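These are the structures in question, set out in turn.
In the two complexes that follow, chain A is the common piece, with chain B as its partner first and chain C second.
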Partner chain A sequence: MNKPFAITLNVGSSLANKTGSWRSFRPAYVNRLPPCNNACPAGEDTQGWLFHAESGDYEAAWRHLTEANPMPAVMGRVCYHPCEGACNRGQLDSAVGINSVERFLGDEAIKQGWKFAAPAAETGKRILVVGAGPSGLSAAYQLRRMGHQVVIFEAGPLAGGMMRFGIPKYRLPREVLDAEVQRILDMGVEMRLNTKVEDLLKTMKEEKFDAAFLAVGAHIAKRTAIPAAESAKILDAVSVLRSMEGEDKPMLGRRVVVYGGGNTAIDVARTAKRLGAEEAIIVYRRTRDKMPAHDFEVEEALQEGVMMRWLSTIKQVGEGAIQVEKMELDENGKPVPTGEFDTLEADSVILALGQDVDLGLLNGVPDLSFEDGVVKVGENMMTGYPGIFAGGDMVPSDRTVTVGVGHGKLAARHINAWLAGTTYVKPPKKELATFEKLNTWYYTDADKTVRPMLDIIRRQSTFDEVQGGLNEDNALFEARRCLSCGNCFECDNCYGVCPDNAVIKLGPGKKFEFNYDYCKGCGVCVEECPCGAIKMEAEAS
Partner chain B sequence: MLKQCEGSHAVAEAVALSRPEVICAYPISPQTHIVEGLGEMVKAGEIKDCEYINVESEFAAMSVAIGSSAAGARTYTATASQGLLFMVEAVYNASGLGLPIVMTVANRAIGAPINIWNDHSDSMSQRDCGWIQIFAETNQEAADLHIQAFKLAEELSLPVMVCMDGFILTHAYERVDIPTQEQVDKFLPPYSPRQILDPAAPVSIGAMVGPEAFSEVRYLAHAKQMQALELIPKISKEFEEIFGRNSGGLVRPYMLEDAETVVIALGSVLGTIKDTIDEMRADGISIGVLGINSFRPFPVSAIRRALSHAKRIVVLEKSLAVGIGGIVATDVRMALDGLDKRIYTVVAGLGGRNITRSSLHRVFRMAMHDQLEALHFLDLDWNIVNKEVDRERTTRRSGPIAENILRDLGQTKSNVG
Partner chain C sequence: MGHQDVKFYQTGTFTVGNRLLPPEQRSVQSEIERTNSLNSGHRACQGCGEALGARYAIDAAMRATGNQLIAVNATGCLEVFSTPYPETSWQIPWIHSLFGNAAAVATGVAAAAKIRAQKAGKPLAETRVIAQGGDGGTTDIGFGCLSGMFERNDDVLYICYDNQAYMNTGVQRSSATPPAARTATTMPVGEHPGNEWGQGKNVPLIAMAHGIPYVATASVSDLRDLEYKVTKAMNMRGARYIHIFVPCPLGWGSASCDTIKLARLAKETGLFPVFEAEYGEVTNVSKIRQKQPVEAYLRLQRRFAHLFGKTPQLELIARFQAMADQNIRKFGLLGEDKATVGFPGSEHK
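Now for the complex of A and B:
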């Protein structure tokens, strides 16, 4: 080419000047802990699987998710999603609908028939899991992935535990549960239904189990002494919900009173409404804000016509009516009786006062310790008896499906290590990616996608699922609302702002590295990183 | 095809017919209608293979133009007044790099005080920037000059500024003959850049050049402009052959033969001057006018030749070189170096002040009788000026001049307390 004189020149270079030598601080790419991951009782890498969902690779997202939790379709329905409570986006507009994306991925997996991979190698170890609830299933899945032989002993006629016999259908359709349980069994997990373990040590010895994970749950209803007439109909919530799964639906009458303030009380009151009760009244001794039940469930129950009687205790149950005493809160917020009484018409009273654990299988097992009716376990989820681990509702916990799944996973890791004669050490927690570490200016405004709710009339008369799911379009949108807190999502900002061209792009999915020969340590990349995935470190002097 | 249309629209159509590939502009009065019109045409798909790029400032507009032109795209932009000043650094770079960008300057005054009306201060401020500067007398010529400008720019590889009077031309509706696409295609070949960018053979354009080569680069830029002195009349002639009308060229003589007094001017005011001269000629006065079409390069020889018989010259210009007087007049003096002719400078029409035939009659007659001072400000209100001068002499805190004058005029605008 005939180049214009002195205007177009051969390419020169200033690469001989290694400006990196000027640096006193250096930037470094880091992975911080996103608050959603931090808050997840099941230990899901939420931000990690959302990252795949954002690019529409739902199978990769599902596979990433199920490393921690084998039942996303269940979890996407019943989890109380503490992740969303912790989500940094909540301080910007509203939290990412993590739970709804999880459900979408779970449903998509069922639709597409995605399966778990079989373990790479068999260890030859045999592990007993007692109880096919969330915790037992989670442990069985994790242990099977590690190559152990797993046998689940389930006392009930069907798998699922409280997911089947406690959570009503309108929150968790049974075909969803069945599909996710079956997928775990398809990995080669053996399940023995209607098989109650009466003597744990004997069973372990007879069947040559190397270790056991106990997750029998808590399904013995707590009772309270209330004077009652001979003909009074007093039921407990656990039995009522359990009988919903059988042929004979419970007969509750036209006016049903539920006693208690937890999620179970809400579930049973909403169930009663659907069974045709004209009145379903929850009697609770404190006020709404003191209720252990989640507020959105209280709200949904109210929408469906469930009535609430706050600050009341049941003093007496007669035939067709009950006597309640009004309470008031003292200066410490404790309910105290007022001596004022009232009468409510009631055909039946359902007690929802919490559940105890049936610890019968542990008879004869030495060195165990108990507290408040549950088994004490160490940080490694092992009971006082070596090789016997426990989790879920039968150990001290918040008693949610998510906590149960988390216990199962954690116990599986410890069992795996214990069997190998080693100890599982949790990797140290990374620094938390707090809101202050983000540059939210860079993110586009995007309102949360609200999941559709079933029509109120159907909610009052059928057991159809109340909350709908997202479709592919809005699930993708919702996933893309993720700010990727503390973890690089390859936005190219650092690459674009670096005044020294010292950010090297390694290609899609491979992120970046710094060329410290030329990085002057100005820190612009750190300042302008939207998600707080770079930090400055002092140079060693 | 004859059309009754706004000057801006005629220019937009002429630019569109020239098949631009990149248009990047930032709106500023009185240029806005041109790029608005082009934006609509691009959006409507009427201009094929053309990218309309919204930019955030005039500086960006010229920077984008530099990039796209260097990449080999036929590139157009437009600006005026403060906008032109804002892009100045890039304006110099465009010419220094020899990039054939075509830009309309819809001539407008420069603040302060801010003034959106017409004069030539903006483009005159860029007289040394290395761009070719041509002035349009009518809307027809404005349209025609843009088509010629692309050809001129690309043959020389130099940017061309087409200057047209803001509002007086841009916003005036008059009859314009818009050529056909076939005509324009016949006249203007596709752009073939002097150098093409090729990732396989990287080069550095416009990098540092030291004292060993800088003078030569500048001289070459000047030599290129000198080539334009030959090319401009040639292109004008080619244009006439295809389009059937005379447009452009270096200078435009009118009633010049035997004229003792010759007026020199640029742009739309030539119309008023010609009308005045017609009337004066009817009175038997020996007067003519020489329009300057090409201000840069300045056609020294053509002007010297055209004025060989003139006794005196009145340079009427819509700009003021503060501290000396005329800008055009200074260049004319240079063209007439060594010749014994009186040269008067008349500064007129600043900030949109009307130039009327009666005022022109008066100054031309004063010049004829050599009663005009060397530097004359047309229709200057001496009463106002003297008041302010007096005020400043007697009062230290005399306040802002523009507001004082408006108050003296009794035009108390809402924002003048």
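Now for the complex of A and C:
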């Protein structure tokens, strides 16, 4: 070869020098569990669907979301969003408004008429679902997706369970509920309304069901013995809320007293206000911070003029008035009577003291066990009787719509496996993407977008929905506040910050891979990854 | 931020790239097609800030000039780790002569490019020239040639990668080494451990005093700002100078993974002001986003370990803080403050 003056060797590239051999630790891409996903009782892949929403692909986001939960428009209104409580962004400025984005996606799906895909193949198995509440609907949806034939028996006149007969309209408009229920039925799920299962085993045998999922809820109001005048008007919250769905609205009078401190007490007091009560007073034996109701609901009720009487119990109900006794908390935080009494004017008293389960349909089913009036189920959601599964409010759990949906999904997976003679094994939990694993320098400050609230006057007199939704602009903004904890969002940081060009960018949607021939294992990519999706591992020596 | 051209976008606004940004707003470093001017296989240490800074800068210059670029390198780490004869990591036309003459060689290359353009009947040189070196080759050994290049306003962008000592030869102090720092020649012994508390030599300010068209400081911790400045410099003619802060894990005794973090802390403490100046006047500063005490920066480096021994040198740490605070005042690094540094020369505008 002809070389220039004074050159004796051919020019070579440094690519011949495999600097990867210097390495004692190697970076590796990981997917960690985002805290929102970890906290979701329905098992939603929140970070996963937000990822699609961030790019404005709302249909993909909705499809991803509905793999876990078929009712995002409902959920975006009634869920108590534990995801937001766990959100890492809460430690930066304020948690991502996951619930409001979920509602936006749910509403968008209804607006656009998006449908669920029919199952790819039929299995020929028939499954009975008892109860068309959140848990039953969720199980029916999941089982249908797996190709099973599903029949829902619902004792009531309409589907929805507590979503219809417990949660007031101002929190969940019925057309939203109807649309999301109908979409599940459109997959080919059969529903029989006004059909109460009296004898479960008989029904299963007659109609040749291979398995059953029970989700009858807890509809029976708990009572308490209060001395009352004959003419005193005492109602229970469950019946009042249920009768709101019928033709004849309940007559509560001008002064309504609600007894209890849970979300149902709040719901019924706010409903009484809207029905025209001048005064709606909640009587609760402990203090506000001890109340089981969620604080934002208490706050909204107070804004609407609902009054609270803490540390009080009802001793006696007379005509037009009640007697309450003041309580005080002892050193253990338990309320004890003080012997001081007060009189409150009241046209009616509504008891909101919790609910029991109607377990009548289980008469004659052997090998079941019960605890505190609910059915015990195993890890696999199966009762003591093979093939009969149960979930929602009738098993030991927190009684929320989201928990019910989660039970339905989990039970469906176990039923599916049980029918196939196998066992469903939950995939192992990934390592949690905690705040310390993030490099938050790369995220700019952006406060949460607050949803509009209905004018206070209309909240006191109408059943219009209290909380508005986000529009596309601010839903997108909100989705983009997601930090993508523990999962690569293709920010190119690792590709950019590598001093050795040892990160290969594979192109949109394909993410990155390491070129271990040249990676020296410095760890800069791990340190500068905003979302904690890379970790260092020791090289095998 | 001085040059955050990206529209408000929450998730990872400050990251290198972003799948949701329109292509024209993406950084050079986020492109699959970036030049990778300094290729893999170079022999820089793990986590080398200089290797990173050089690729950032030269890739940006390649895009800005449509790949019509020649780089002249001073002796130093960057030259030694990239080009052990006959092998090189450079994927661009590149020349190395001596330790101290990079600016002069670049002047010659620029003159040649100008003659070629004139012979072809074009008014301006089409091939652009960058000279680059470390702080030793720039602030000490090559300083005479550099000042001459400035004074003649030669059409060269000189980039100094400042890692604050002679790292290549075993960490000896340079005129860019900070006070109290341990180096091989300023051991932490005696009454005044580490480097002297002198005035140092602030070459960006000296460059400004030459009244040249463009002077800027930049950091490997702020890629977008760095790319903006290199691109801007390559769209100008005459003598230009960019001083890039590049942490050195070996010489500073820091963890290799902390390179960018240290650069970020240097800026956020105020110890390394990031600004740009035209014709001797500061025109823009990068504001501090999350102010940090100097201790956060110093503690990560073993070269300052003697400040944090059994009896912490509170007085010395306070002197560092005073330096940072002075920079914050002088350059207006916080809030709405304006810079108060400037030199005569704006009449050239």
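Keep this in mind: the second predicted complex is superposed on the first by the 529 of 541 C-alpha atoms of A that agree within 3 Å, B and C clash if a C-alpha of one lies under 4 Å from a C-alpha of the other, contacts with A are read in each partner's own complex, and residues count from 1 in each chain.
Please note the rule applied: a residue touches a chain if its C-beta (ideal position, glycine included) is under 8 Å from a C-beta of that chain, and two chains touch if they have at least 3 such contacts.
All figures in this text were calculated on a predicted structure; none of them were measured in a lab.
Chemist: Per the contact definition in the header, classify A:481: touching chain B only (first), chain C only (second), both, or neither.
Modeler: second
Chemist: Looking at chain A, does chain C or chain B touch more of its residues?
Modeler: Greater contact footprint in residues on chain A: C.
Chemist: Kindly classify A:11 by the partners it touches after superposition: chain B alone (first), chain C alone (second), both, or neither?
Modeler: Touch status of A:11: both partners.
Chemist: A:520 contacts which: chain B (first), chain C (second), both, neither?
Modeler: A:520 sits against chain C, while chain B stays out of touch.
Chemist: If we overlay the two complexes on their shared chain A, which of chain B and chain C does A:3 touch? Say first, second, both or neither.
Modeler: first
Chemist: One more residue to check, A:414. First (chain B), second (chain C), both or neither?
Modeler: A:414: touches no partner chain.
Chemist: Of all the chain A residues, which ones make contact with chain B and with chain C?
Modeler: Touching chain B in the first complex and chain C in the second, residues 7, 9-12 of chain A appear in both lists.
Chemist: Across the complex, what residues on chain A touch chain C?
Modeler: 7, 9-19, 22, 54-55, 441-444, 446, 477, 480-484, 489-493, 495-502, 505, 507-508, 515, 517-518, 520-524, 526-528, 530
Chemist: Under the definition above, what is the set of chain B residues touching chain A in their complex?
Modeler: So the residues of chain B touching chain A come out as 96-98, 157, 194-196, 201-207, 209, 213-214, 216-217, 220.
Chemist: Taking the complex as given, what residues does chain A use to touch chain B?
Modeler: So the residues of chain A in touch with chain B come to 1-12.
Chemist: Enumerate the contact residues on chain C facing chain A in the complex.
Modeler: The contact residues of chain C facing chain A are 8-20, 27, 29-30, 32, 36, 38-44, 46-49, 51-52, 55, 82, 85-89, 223, 249, 255-261, 264, 290.
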